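Here the chain labels run A, B, C, D and E in written order, and each chain numbers its own residues starting at 1.
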């Protein structure tokens, strides 16, 4: 194998080089801009992470598994996973092997960007095929075939997405179409170019037979150069279109992994970390199916993928529309192959709209909170005296009692309170009812509405209230509260559990015993409990001891939002109703007698629309307690 | 063949006549005005769906084919004769009726009696009936072109001891909301206000009408009875009420005020009925029925029956049901009488 | 139900003026006081008809019941033939009987009113009397009244009055026998007791406020400390 | 405004007013503020029209202002009223006419209450006997003095020297009529014309050639409010209500105001002065106020009385421009003279100078 | 007060003639649900913040309709957006969005 073209250059590499240069410059500038928007602290954190061996290992693993092999998609659908992995990994390997070839055979050309790409054009095979040569020929053809198979599947998916487990797929924009056309043509063209050149440069099981086939009716060599031109042009065009297309995710995704592993979070909705997320979106469209709003076709444009597309285009009106409407159920995040935290971006976007809204929570100072008593009711205006009375609330002595924090919504579903307090009593649990007569909101609804500053005041007040109780364990009925208490409150040393977890512990400790008399049921996993707090196992564990647990069409992290979510700001009641009905339909595919949930909001939302009883897990447990202690 | 005199050619009188005629009775329908249809003939569209009153009326008129009816006819005298009633009409006709049905309907409350609202005094104050007439004919000097603000006053002459009517007239709320939507269709740029005490949207589809008035038409509902209306120098109307929900007095200057006149028992009907000792009840003036639940179509006097609004405010479908019930009650009565 | 409510219903003005209120607001809509004070006669009637003694007691101690000008415009319009104005009068009556009136700034003014008006009746037989109408207390009467005050006998004579004269005519001296009869009526029908009660409660309040009777009079007559206006 | 509509209402509210033989009772406020009006009333009825209006020095206040200032109980005012009625009866009269609207309202209310609660009437009867040893009686007819002038309006018109007409233009004067609240609002049927479109003053204005102005706040109270005026710190209420009325009537450019209530002419007059002092605003022509009259004063003017005999010098808002408009001669030098032309100085002009 | 010792009082009468509807029209555009309120009071009855300080969705809507914008803001500024009112509203008004929209438009 030696150089065939003197100087190692031909004009056809120009399109490629232009594209390549453009994309390098573009990426460089983008990187600088992105770093400029990352808070200085985070920047330092990032650079430190790069030399941390543990994170370095994570980075390598994640890039291999996610960017190249697309393991997450494999888990979802084999064919779809293969489609993504074949293109990404195949292409990656083509580049790697191409470089090795160049390094081995034409080391003098090291450093020429285009050379490994068009290697076959510049070299010719001399003498007999060595084993080493055959091995590389094979590898190159193998990976090319791999990519081509992926491209073939991609074309097929465009027309029949359901075959790959996707009911709906993204509508490509213009740049997407250009890039897609290029991408689809790059590898067939490479195959053609390499096949035409296989007589000179050699080839393996794919390119050689092709060469012979073409040689039968194309005797002239004049067609060789145009195909290489075409191949180069496709590549060049692809690079030019790249920043404006979904394929920007190819360079960005790896970078995002580095940022994420460094522990960075979204601070601004469009800049810094968020920008890395935005450009990491491959527009795969998995989130479209994931979104519960899409039970109605009219809501398709409100999927996260389009949200991100509008973020890229700086279409503020659309961005606000989508971010306001989103249920924040987190399903798209849970299923996103890239792991884009679109809910976080939406929250940040809402922040830009609503964080500046003025509020007056001075009355919170007057919210008395003594273990026995309820907050003082002040019908009109707070007297200064009342405010002073609580400013000095201090931590009470530690107690063995658990603190029960029902939450606002639970006060609308009194069955939860009644049954849970009965369970407390049956199990001999001493407890303090934190908000017996209605307390202060946990602050999560404010956070969801982008009003973080307002939420901080509420959080501070509740933190003080919880700490002043002296309890070391807080039982919550509302997963919304639980999530915010875990994530935003500083309650170190205090254990925060949902009542499903608490009941599960009571059962495992034998403090209550239940009979298996609950009949058949299905469990609805509330967004904030499952995806929000990662609590999946405990409720199922409890319910299995109570009766026949039927499967739902979507379970676990794919559980569908009940429609009542406080996350959405603008979704209409009618649309919410449709989501509720969709969710109920998914729950009742196996015709359970009852629907069990573990969130007051889900309970209330489902109860209004369900054709069968909906109960909270506390109720079904309490109904079936057969012996105590 | 038995004779039945039906007094009143409005919807219930016509419907009862048609039914009785089909049962084979000789029905004589007496109507004091020159045309059949009663108040329905003066109405444009009907709540809740906005069906055209004219279409309903047409159907009714075609349904009384074969019924003898006299227009411009009044009952001159009526007196009991054994088990029958001798009815003499002012057109000279005398009937010995086996049963008499009062379907005399209602009079609209005379809005001028609520002096503080200025009906007949201020130039741009009209009643619900006037507005219906305008919807049909588009001819009323009092309705200015492109009014900026329009007000509807509920409970005019209803729920009002001073006006002598303590009861609720039942249909005015739905009518007001319907008319508010309709006038908003006519004048989309106008602001429309409804002054109400309670919104009694009791029937099927009525609450939706209310909701659409709010949502689709942006009608503003103010909970407070209008206390006083005054005309300013531009002949606009200054309306004063309390916004009771915020507990503050309120005023608004409007270009057209529509008074929702309530229902009263028909005074002409009362006069006729009085001759045979059938009288209005003291508390509301509507005819007294045999009881208040079961025998609403029967008077205390045998052979005398009621249908429609003469026994209390009613919607059109209510009146039609009563008409059919009355026909059946008369039939049952006559059969039983024959058996004795 | 409530004791205060029962007590109120003994007043003929409640018997006359309070049938079941339907909260329609016609009274408030045209009430001259509702436009300028924090005042809603409809709400007051509603509180009374709630028969809630606690609420009624608050009412009796409140400023609200003293805002009404007793023009009785409400009477004309009420579709239930209620008379919020009469209800107010009954409330004021009870507030004075129980001594609650001194709890409110406007209620305390009863002291000055009793002194001026009831005083005039007993002394002269008139509710208002020129000799006691001082220009310094009535700046709105203008420079004209200052002139009248200075030339009172001449002005009234010129205007055909019989100021302090015998026999009939405007501002005649009302014979003592008639004034005696008025006094007897006052004693017999509770007016004297009313004046005494007002004085007693007021003087207690004056002591509490650290004011002499004169200062107290001047204070309630001239001063406004609370915000009464409705914005 | 459709005149026929009003006429129809007026025809519904025609109260019976006897033609003659009245027991006349004075008004506290009017004796103090408009003594000449009462004098004119008696002069017109007795001397010009030859009617019998009897007055006794023994009658007193009815206690109405005290009652409405809530300083005397209802029973007290009722007993005082019973005493007045008893005097009427004692002097052989059965028609009772009062000069005061508050009294008129209170008499009407009292009679109604006695009618509704006979046990209360019995108690008052007993009170009256115990305190005054007088025989209880009730008037056959109760009238307000303005009812009487309304009744005689055409007789007065027949003797009139002037009409409520602008001499220069020949146009009728635009007259605002203000009815005392307690005249018809409590018992519309006891008034001429009812509560909403009272005719008692409108009838006089029409009979004497003027044109009645109907402005939006026509029915509104002048703002007296009893305790709301008698206590100095409450007077903002009183002032604000009058202000509201003037703002409402301003576009109609009224020439004059006629009232039938004792307090109203005083408030409508003096609050104009206060508003001009406070706000620098006047409501009449050429920076003047709108002159306010009692019905007797207007009757006297059309009948050709000397304006200063009618007591028009006791108004803060000057009446001279109106007199000139009608063409009534007057001697400006005589305005502030005492009895027999005695010089008693003259009041200072208000700061704004033009009232 | 000056020499008189009293002054003209401002009128508290709601005057719908002088209402500026521009902001309200904008609000209707953002959240048309504002028109659906029938003032039943469920929101106020269930209000979390209302336990401590006067907070009322229905009164705020009314205040806006009457042009008392500041009053409306003061009735909502204590809101915690907990969403109970949304759950209990019989007219299915999106109260949370309405509240933040009102606060945003009128602040």
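To be clear about the criterion, contacts are C-beta pairs under 8 Å (C-beta built on N, C-alpha and C of every residue); 3 or more make two chains touch, one makes a residue touch a chain.
Treat the numbers as computed from the prediction; the structure is a model and nothing was measured.
Path length between subunit A and subunit D in the chain contact graph, taken as the least number of steps between touching chains: 2. Under the contact definition stated at the top, the chains bordering both subunit C and subunit D are B, E. In this assembly, A is the chain whose CA centroid lies farthest from the centroid of subunit C.
Looking at A-E and B-C, the interface holding more C-beta pairs in contact is that of A-E. Closest to the protein's overall CA centre, chain by chain, comes E. Each chain's centre was taken as the mean of its CA atoms, and the one lying most distant from subunit E is D. A straight line joining the Cα centres of subunit B and subunit E is 39 Å long. If you average the CA atoms of subunit B and of subunit D, the two centres end up 45 Å from each other. Rounded to whole angstrom units, the spacing between the C-alpha centres of subunit C and subunit E is 37. Look at where the CA atoms of subunit A average out and do the same for subunit C: the two points lie 74 Å apart. Subunit B has residues 116, 223, 228, 243, 248-250 in contact with two or more other chains. Residue positions 195-196, 219, 232-237, 239-240, 244, 274 of subunit D each touch two or more of the other chains. Within subunit E, contacts with two or more other chains are made by residues 4-5, 9, 11-13.
By the definition of touch given earlier, these chain pairs are in contact: A-E, B-C, B-D, B-E, C-D, C-E, D-E.
By the touch criterion given at the top, residues 12-17, 28, 32, 35-39, 58-59, 62-63, 65-66, 68, 91 of subunit E touch subunit B in their complex. Touching subunit C in their complex are the following residues of subunit E: 3-5, 9-13. Residues of subunit D touching subunit C in their complex: 26, 28-32, 35-36, 38-39, 55-61, 63-66, 68-76, 78-80, 83, 105, 113, 116-117, 120, 127, 130-132, 181-182, 185-186, 188, 195-196, 219-221, 223-228, 230-241, 244, 270-271, 273-274, 308-309, 311, 314-316, 336-339, 342, 344-350. Contact residues on subunit D toward subunit B in their complex (touch as defined above): 1-2, 4-6, 8-9, 194-197, 214-219, 251-252.
Contacts from subunit C toward subunit D in the complex involve residues 11-13, 15-16, 30, 32-33, 35-37, 66-73, 75-76, 83, 89, 92-93, 96, 106, 109-110, 112-114, 116-118, 121, 125-130, 133, 137-138, 140-144, 146-148, 150-151, 154-161, 166-172, 174-175, 177-179, 181-182, 184-191, 194-195, 198, 220-224.
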